[in-house]
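In what follows, subunit A forms one complex with subunit B and a second complex with subunit C.
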Partner chain A sequence: MQTQEDYLAGLLEHGLLFSTGVDGLFGRSALFEATVDGLNALVTKHGDGFNAESVTYPPSMSRVDFEKSGYLKSFPGLAGSIHSFAGDDRAHRDLLADLEAKRDWSGRQKITDVVLTPAACYPLYPLAASRGQMPKEGLCFSLCSWCFRHEPSRDPARMQAFRQREYVRMGTAEQVVAFRASCIERGEAIVQLLELPYHLDVANDPFFGRAGKMMANNQRDQKLKFEMLIPITSDEHPTACLSFNYHQDHFGLAWGIKTADGEVAHTACVGFGMERITLALFRHHGFELANWPAGVRQALAL
Partner chain B sequence: MQTQEDYLAGLLEHGLLFSTGVDGLFGRSALFEATVDGLNALVTKHGDGFNAESVTYPPSMSRVDFEKSGYLKSFPGLAGSIHSFAGDDRAHRDLLADLEAKRDWSGRQKITDVVLTPAACYPLYPLAASRGQMPKEGLCFSLCSWCFRHEPSRDPARMQAFRQREYVRMGTAEQVVAFRASCIERGEAIVQLLELPYHLDVANDPFFGRAGKMMANNQRDQKLKFEMLIPITSDEHPTACLSFNYHQDHFGLAWGIKTADGEVAHTACVGFGMERITLALFRHHGFELANWPAGVRQALAL
Partner chain C sequence: MNAKIRALISEFGRLSVDVATLKNEADLYTAGLTSFASVQLMLGIEDAFDIEFPERMLNRRSFASIAAIEQAVSELLAEAGRDAEAA
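The block that comes next holds the complex of A and B.
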């Protein structure tokens, strides 16, 4: 098995990723992007029966909505808030003097109304809530968004900026649990088409601090999160490339999302780590597209 | 002519954009995105002869590279820096107490190594420089990136988060000036295919402060920037939807980019405001795709 450093070096040498000098932040080549596009289309094809409404959000979201979501309670260190300069000519001269002297200029920035999107579905819940009571069959949405997580790493499969494709289901507990089961089946079908080794496991989010350990245990005990793991830079520690999450009534309560019967809605989502799956393809089928199995190229229209 | 508020209300009512509660930050519908995709493909088709290398960057870039670019000198108020929490359990409790009490929690965030990309081409220059002296014919790149500018506005055509498609040319002054002229021709051909009213004009960037006025005048006098203006929310103040920029040796000097002869490279770029052109299409052809001219739908494969 290649190490993180070897695999990263291979990706850079073959011109699939471009270094920016910051760990976890890369430019992508045309082939890398064509693979992401092919994967996106394949996911759409396999989501056919969901009748999902497609909504596209920018990589940033409302700070007020973000504060309300509870993300800072669970993952404070991963979040990114956006700050801007709001001073006059004199303050600008001071800012430039800081830059010139290589001093810290961050104190001259003020927090804005915008934060970076931590997971594709976060901006969606307030939209769903704003539409009022949902139809009897519930709701399903399709999203693809750039997400940000502040976790600089040498592992190319742990990027700070990456794309997450999601389907999000809202409705009764029965509806969303059935949806999640169907997503696991479809996810397995996709990964099999891509001829990638995988296994499915119960998982937990990386909740912060001592209180977070309890939340993680609870999440595992209740099997709220499953992950499809594929070895990329380690056989021992394979990478979560797809995740299947049952949020119970967490977002329904936070946003007041209501089912047709006026009950608090339950929600579930499936998330595809687009960069991670793409990296798994280059890891298992090689850096040269010409050497990939014919079936995989066909599945991705490559 | 519709006012900004009328046009925004129409976009929201017809479900083309979704409000996030923050000015200049919107969700996009499937039709809006299909239009952006069609436009992107149309731009690619018209860039055929450029032999451009396609590179895709995330919505964020290296802070060190950003500091070096000079952006904070010219547009400090538009920039967005990304800040994260780096504290322990106790600091986390304080953060949550701030949130609970609706106090300002921004002081608990520390600046990271990452800032938001202000224009699609900013992360590209260090990549080009890292490749060393360029071939005789120079270089051409194709980019499409989410950009951020902190300028909250009620004008839907002035978003904080938007996509910019760019072609960037690097080489001798003659090469990049000829490229820019060719981009203006191609840009006109695209906008004519889309049956949008437009005019071309000399322009200047919104440089900051008193010193910025001189820079703006200089930019206009030397005709370094042209814009293709299309009325969207005002006939009097049409919106810059495409821009054609000759940077002279600004980026070449900043990054040490060299031509085949070892001279400092000149650079030029054309930028397509993907959301702005899309908004212009809905403004001039109506909110209902069925009513659009057949030629426009055909050009966009809609």
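The block that comes next holds the complex of A and C.
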């Protein structure tokens, strides 16, 4: 198995990714993007029966909504808040002087009303809440968004900026649990079409600190998160390429999302790591598209 | 100790029912204890009793009922050579 450095070097040499000089931040080639597009279309095709409403957000969201979501309780080190200069001419001169002298100039900035989206579904919950009580059959949404997580790494499969394709279900506990089970079946069908090796496992989010240890144990005990793991840069530590999450009433409570009966809604989502699945394809089928299995190319319309 | 634990549950647990109405064995999660609140409760108990829960106890079962919490706290106090009755 190739190491992280070997695989990254191969991706750069074959012109699939372009370095920016920052770990986990890359440019993408036309072929890389065509693969992501093909994958996106394949996911849409397999989500046919969900009757999902498609919603698109920019890769940033309201800071107030982000704060309300509880993200900083669980993942303070992954968050990306946006700061900007808001001073006068004098303050601007000071900023440029700091820059010239290579001093830290970040203190001259102020936090804005915007943060980078940490997961595609985060801006969705306030929208759902604003619509009031949902219909009896609940709600289903389809989203794809650039997401940001501050976790610089030499592993090309752990990017700081990446796309997440999601289906999000809101409704009763029974409705969302059934949805998650159906997503696991569909996810397996997709990965099989792509001829990638995988296995499914119980997982936990990387919650912060000692409190986070307990959150992680709770999440595992209750099997709230499953991941579909595909080896990319390690056989021993395969990469989570799809995740199937049951949030219970976490977002329903935070946002006051109500079912048709007026109960607190439960939510679940399936997330496809678009870059990760694409990287898995290049890892297992090779850097040259011409060498890929015909069935895989057909599935992705490549 | 039981009264102190009940007071902490009342402060941090955000239960949907009055703690006074709960039996020692009652399931706190059924009574409305969320995952987030159970973590706040865990930290509150650590401060109040000046203990630190080891990793093996950082799970749902340790905080599932007043009796379970009492058991966990007693165990930690005993390990530290402190008197559970006095706590």
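By definition in this document, the second predicted complex is superposed on the first by the 302 of 302 C-alpha atoms of A that agree within 3 Å, B and C clash if a C-alpha of one lies under 4 Å from a C-alpha of the other, contacts with A are read in each partner's own complex, and residues count from 1 in each chain.
Simple rule for what comes next: a contact is a pair of C-beta atoms (placed from the backbone, for glycine too) under 8 Å apart; a residue touches a chain by one contact, two chains touch by 3 or more.
A quick note: this is a predicted structure, and the numbers were derived from the prediction, not measured.
J.: After lining up the shared chain so the two structures overlap, which partner does A:E288 touch, if you call subunit B first and subunit C second: first, second, both or neither?
T.: After superposing on A, A:E288 lies clear of both subunit B and subunit C.
J.: So, A:R28: does it touch subunit B (first), subunit C (second), both, or neither?
T.: first
J.: Between subunit B and subunit C, whom does A:E13 touch in the aligned arrangement: first, second, both, or neither?
T.: A:E13 sits against neither subunit B nor subunit C.
J.: So, does A:Q222 touch the first partner subunit B, the second partner subunit C, both, or neither?
T.: After superposition on chain A, A:Q222 lies in contact with subunit C alone.
J.: Name the contact category of A:K213: first (subunit B only), second (subunit C only), both, or neither.
T.: After superposition on chain A, A:K213 lies in contact with subunit C alone.
J.: Tell me which partner A:H250 touches in the superposition: subunit B (first), subunit C (second), both or neither.
T.: The answer is second: A:H250 touches subunit C but not subunit B.
J.: Touching A:D201 in the superposition: subunit B (first), subunit C (second), both, neither?
T.: Neither partner.
J.: Have a look at where A:K73 lands relative to subunit B and subunit C in the superposition and call it first, second, both or neither.
T.: both
J.: Please tell me which partner, subunit B or subunit C, touches more residues of subunit A.
T.: B
J.: Kindly list the residues of subunit A that each of subunit B and subunit C touches, one partner per complex.
T.: 73, 210-211.
J.: Provide the residue numbers of subunit A that touch subunit C in the complex, in ascending order.
T.: Going by the criterion above, the answer is residues 70, 73, 210-211, 213-215, 217-219, 221-222, 248-250, 253.
J.: Please output the residues of subunit C touching subunit A within their complex, sorted ascending.
T.: That would be residues 34-36, 38-40, 42-43, 55, 58-61 of subunit C.
J.: Note which residues of subunit B are touching subunit A in the complex, please.
T.: It comes out as residues 18-22, 25-30, 32-33, 53-65, 67, 72-73, 76-89, 92, 95-96, 99, 104-106, 109-114, 116, 123-124, 126-127, 130, 146, 148, 150, 152, 159-162, 208-211.
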